[in-house]
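Both complexes shown next keep chain A, but they swap its partner, so chain B is in the first and chain C is in the second.
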Partner chain A sequence: MSKIWDALTGVRAETRTIEVAPIGSPRSSAELPRLKRRHPDWPYMLLVVAVVVLLPFITDNEYYATVLILCGLWSFHAVGQTVLLGGSGELNLAYGAVFGVGAYMAANLLGFDWPFGLVLILAGLAGGLITAAFGFPLLKTRGLFYAVMTMAVGLLAAKIFIEWTAVTGGSVGLPVPMVDLSFIPLLGDVNPGRLSIAYLVWALVLLGLVFAQRLLASPFGLILRGIGGDEPLVAALGYRAGHYRLLALSLTGVYAGIAGVLFAVNIGYVTNGPFSFWTAFTVIIMVIVGGRESVWGSVIAASFLTALPEVLRSVQSYRMIVYAMVLYIVVVIRANKVAGGIEH
Partner chain B sequence: MTQLSQFIINGLVVGGIYALVAVGLSLVYGGLRIPNFAHGVWVMVAAYLTVTVIGQWQINLWLAILIILGIMGVVGAVQELAWFRIIRGKSTLVLILAAFALSLVVENIYVLRFGGKFSRSFDFPIKGGFTVGGVVISYQRLTVVLVTVASIAVLSVFMSRTRMGRAIRAVAENADAAAVTGISVSRVYLWVFGVSTAMAGIAGLLLAGMYPVQPFLGANEILKAFCIIIVAGKNNVSGLVAVAFGLGVAESVAMGYLPWTSVGEAIAFAGLAVALYIRPQGLVADPGAPA
Partner chain C sequence: MGNLLELNGVSKFFGGLHAVEGIDLTLEEGGFLGLIGPNGAGKSTLLNVIAGYYPATSGKTFFKGQDITDWPNWKRARAGLARTYQSNRLLPTRTVAHHIQLAIQAAKNPSVGAAVRQAFRPYRDPTDEAVAALAPFGMEELLLEEAEALPHGHQRLLGIAMTVAACPVRPGLLLLDEPVTGMNDVEIEFTLDAVRRLRADGFTVIIVEHNMRALMRSVERVYVLDVGKKLAEGTPAEIASNPKVIDAYLGSALQGEET
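So, the complex of A and B:
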């Protein structure tokens, strides 16, 4: 945390000193230095690519592709949530609802024969805009109140998903048309089937990961983390804290929208079940277990927590109990690390 | 007019339950600054207990209230010892996550035991009712309101007249200063959690007589309770009760006259959003504590 404060306040900054603007006058993030990263990314990337590409050659079991896709989907969720939770440390419990918006958009728009790429982009945009719309009035609240408000938004959306049957199919659900993914080149002479979806999901995970990581290391991320530590101080330095918080929240919405499309295309049929508060909370568990500020950590935690019960083939409820216990143990052992300078 | 009165009466009953849950939650959240999201789960647990105690064992209602108060009080104290003591005084994020984890564990144990959809109910032992100007008031509903008011009154007396009640208020004010005067802070924590969970127990008992009992019964209640606390302020019992009854009536009237059943939920959240927009620190600001 001290490194962030050094950079934000310009005191003892390693790279350069910032001229201190008069208190309260607006300041932009452009004048801040980038944080240097300690470890290069490419070994991790290589490892991910190797696992995704080589796994089909190692095992004959068709099931691996499903596990691979699920791990990718949850990793994507976790990476998106890291932008907010690893930045300002706020909880977006409406995440599941925006995820649902993406999935329902996929089901409907693909049904009108819209191209897949366009739907993916539109869902991302819609997710971001919707999140910004409900996030704006929430800016006045912080910490617990913020979490409760987002939870309320999520619950309201869950009601809308059930009531608005024309678009969502209610509790019966909607089929999602098959998407032609033959444009994705597959390595080796392996059964394509679900492998192209796995490739697509993991490609997007890596893309989203690079973005999230660069963002958190950028001046924007710096200010965001400063807000998590002491919002009034950051505001007093001249940064418009609300703008940064809203943008970070909206970015999780973009991830949620895209994840919704991927989810819908993978599963082929959407019902309102997954778009609840529990999805949001599962994602938060993964981010916390992986280390709140570490993007790679959330990918590893998401994959591990997804693959483990999947291999054990356990019931949903057992899985939630295992997750909750893991979360509790992590929170107890690393309480100070989890809080990481968050004051609220 | 008769219809409106009926909706208002029904709303008062719902509001009473909200008040019980909110007051119980405010003990832990207002007093100890622990946002206990697991509070709603104990409402659900008590509702299942009620189905067993009254529905199966056919125990007298008033005796059952005492039994459930006792059991839930002990459960609450154990909850503090086993789950929250180790992270006492950590940041809000840590406390929220730990409380969520606890509610997930308990809720899913009940899902495994009783199934997610399967719900149970029982015959409330007090039957019948009377009519005033065309408005039906069942004795059951009357009991709910009376028990609610009585519980909150007993709690107020406990907080203001007994040694432990005063110690709780002292710790809520300033835990370090209270410890200096010789109050055992650890014992206060145990008591607060015990009393708070016992309040959730009464709410669960009353709910079990009105709605089908299922594992997710508490989720809605806890969210409403947080909404009420945010609007009314966390250390303001009369404010909590007033807002809770107001919310219950508003929901009931809205649900009665508008076509969508979800409108009721919307009222609580929309009201909360408006209230927070006008006064982000809560309608009744709590001096000295950050929001």
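So, the complex of A and C:
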């Protein structure tokens, strides 16, 4: 309870002080500290694979597969946004717009019978390039100004999505052709339907997660987090901060583009609704609940916050109240980490 | 040896405030220059202009014979201009190891490409390099401590260690902004010893310091600033007996210490 009180009143729960030998005193012969390795990932990986693979053996109700897909989609979003938010700590509120670009690309290009794999790659590339293009002039801004500028980009894109009916179908939307996912091996004799999409989405979540994790644990991540803490300090060491910030932003665009394709294929019909900056906000909430710097935390938080309203269907009209309260309490208690820190 | 650093008529104005005006300064390789003056004389501003933190309003800056006037701070750092900050400017919640790794990577290859490529190579424990970088400052046992948990003196030393480890070339120019502020006598002695060893390692040093006793004992040459302009320049002995300097800055404090 006191921890919650401290968080609410802005008092730090623990202020650590350490005993240090005075400067200039002879050194102790104690063994030097070694850097700690990251927590092992495989228990989480195993858990995810087990849940996804075993689902059809537990139930053949497609509703659960759909919830699993939604959890995977939001996890993918959250992992992508962690690269930026857990790195330089910046907000990309144009995320929803780039997500939309991926979805509209899927609807159009799959309509021309382009192969699914190619569309997935192209959407990722396009998302990254578009984000880099609007991100470059934003490098002069920081913090809140940067966030507001990305939001302006998002609002502009939302207008384009409505008006450019030849490509987007406007507010009526576009159908997305069925994609043949029979190349995905399914375990056992099960009804493929939603399950192949669940496998696909979660395979990409794991792939995107390993990528994000390695990146954030590498010198790139160290430097990016340094820039998030004090940009001039890090620049004075010889780093071109702009390059690092732009790459991190563009990578969220790659994730957004790929997520757009997955979303479109899953839902079968795209309208402009989900491509507003509310998507970006939702993703950011998930990343913050999961602990800004923890990639696994993002996945856990995204899955938790997606599944929670479904679980809460039993309390019907109190659903959103309970949801908001749970969210509030989680944010206050888990100020920084849920699982698997990336800090050495 | 040629001049490592040369300032020709360098000025920095903040709107109508002439923080630094018409500074001519040359520093040969291997030199040890003390920059002194009353509060608000423009010492830190001058250091910031040399480091590229602020662009100069007018004048030219040369480093190793190159005109670096228009170079941003990161480019100057890569050429060997290393600066520390007046306050303990660190990443509070990051470990000492994080700071030192940032610096080591900057010295090796600061490009974004190099940083990303390493994400997909086998993990290597970078402790040995970090220990080597911290050892001259006696801080290798503090690798895993967070910067904000360190005592003040150690935070200042970490700032210097980081700056030195990030400097990719020799000769380098080390710009120290009040490195021994808030330290006791033993700590001051240790820090100045470390700085002397850095000179042997190929660093030319400019030091801004208010602790006259420590400064006058260490440096070879003193440059005195007053309201943004040069007041005097000379050996510590010359400066200590310069009536203009005593009047503007030293007052009777130094004489008092000598008794």
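One rule holds for everything that comes next: the second predicted complex is superposed on the first by the 274 of 344 C-alpha atoms of A that agree within 3 Å, B and C clash if a C-alpha of one lies under 4 Å from a C-alpha of the other, contacts with A are read in each partner's own complex, and residues count from 1 in each chain.
Throughout what follows, a contact is a pair of C-beta atoms (placed from the backbone, for glycine too) under 8 Å apart; a residue touches a chain by one contact, two chains touch by 3 or more.
Here the structure is a predicted model, which means the values were calculated and not measured.
Participant: One more residue to check, A:His243. First (chain B), second (chain C), both or neither?
Facilitator: second
Participant: Which partner does A:Pro137 contact after superposing on A: first (chain B), second (chain C), both, neither?
Facilitator: Only chain B is touched by A:Pro137; chain C is not.
Participant: Scan A:Tyr323 for contacts with chain B and chain C and give back first, second, both or neither.
Facilitator: first
Participant: For chain A, what residues appear in both contact lists, the one with chain B and the one with chain C?
Facilitator: In chain A, residues 343-344 are touched by chain B and also by chain C.
Participant: Enumerate the contact residues on chain A facing chain C in the complex.
Facilitator: My answer: residues 16-18, 20-25, 27-28, 30, 32-37, 214-215, 217-223, 225-226, 229-230, 232-241, 243-244, 247, 343-344.
Participant: Over in the complex, which chain C residues touch chain A? Could you list them?
Facilitator: 51, 53, 72-74, 77-78, 83, 85, 89-95, 97-98, 101-103, 105-107, 110-112, 114-116, 118-120, 123, 125-127, 131, 138, 140-146, 149-151, 153-154, 157, 162-163, 166, 168, 183, 186-187, 189-191
Participant: Please name which positions on chain B make contact with chain A in the complex.
Facilitator: 35, 83, 86-87, 90-94, 96-98, 100-102, 104-105, 107-109, 111-112, 116, 219-220, 223, 226-227, 230, 260, 262, 265-266, 268-269, 272-273, 276-277, 280, 290-291
Participant: What residues on chain A touch chain B, complex-wise?
Facilitator: 89, 91, 137, 140-145, 147-149, 151-153, 155-156, 159-160, 162-163, 277, 281, 284, 288, 315, 317-318, 320-321, 323-325, 327-328, 331-332, 335-336, 338-339, 342-344
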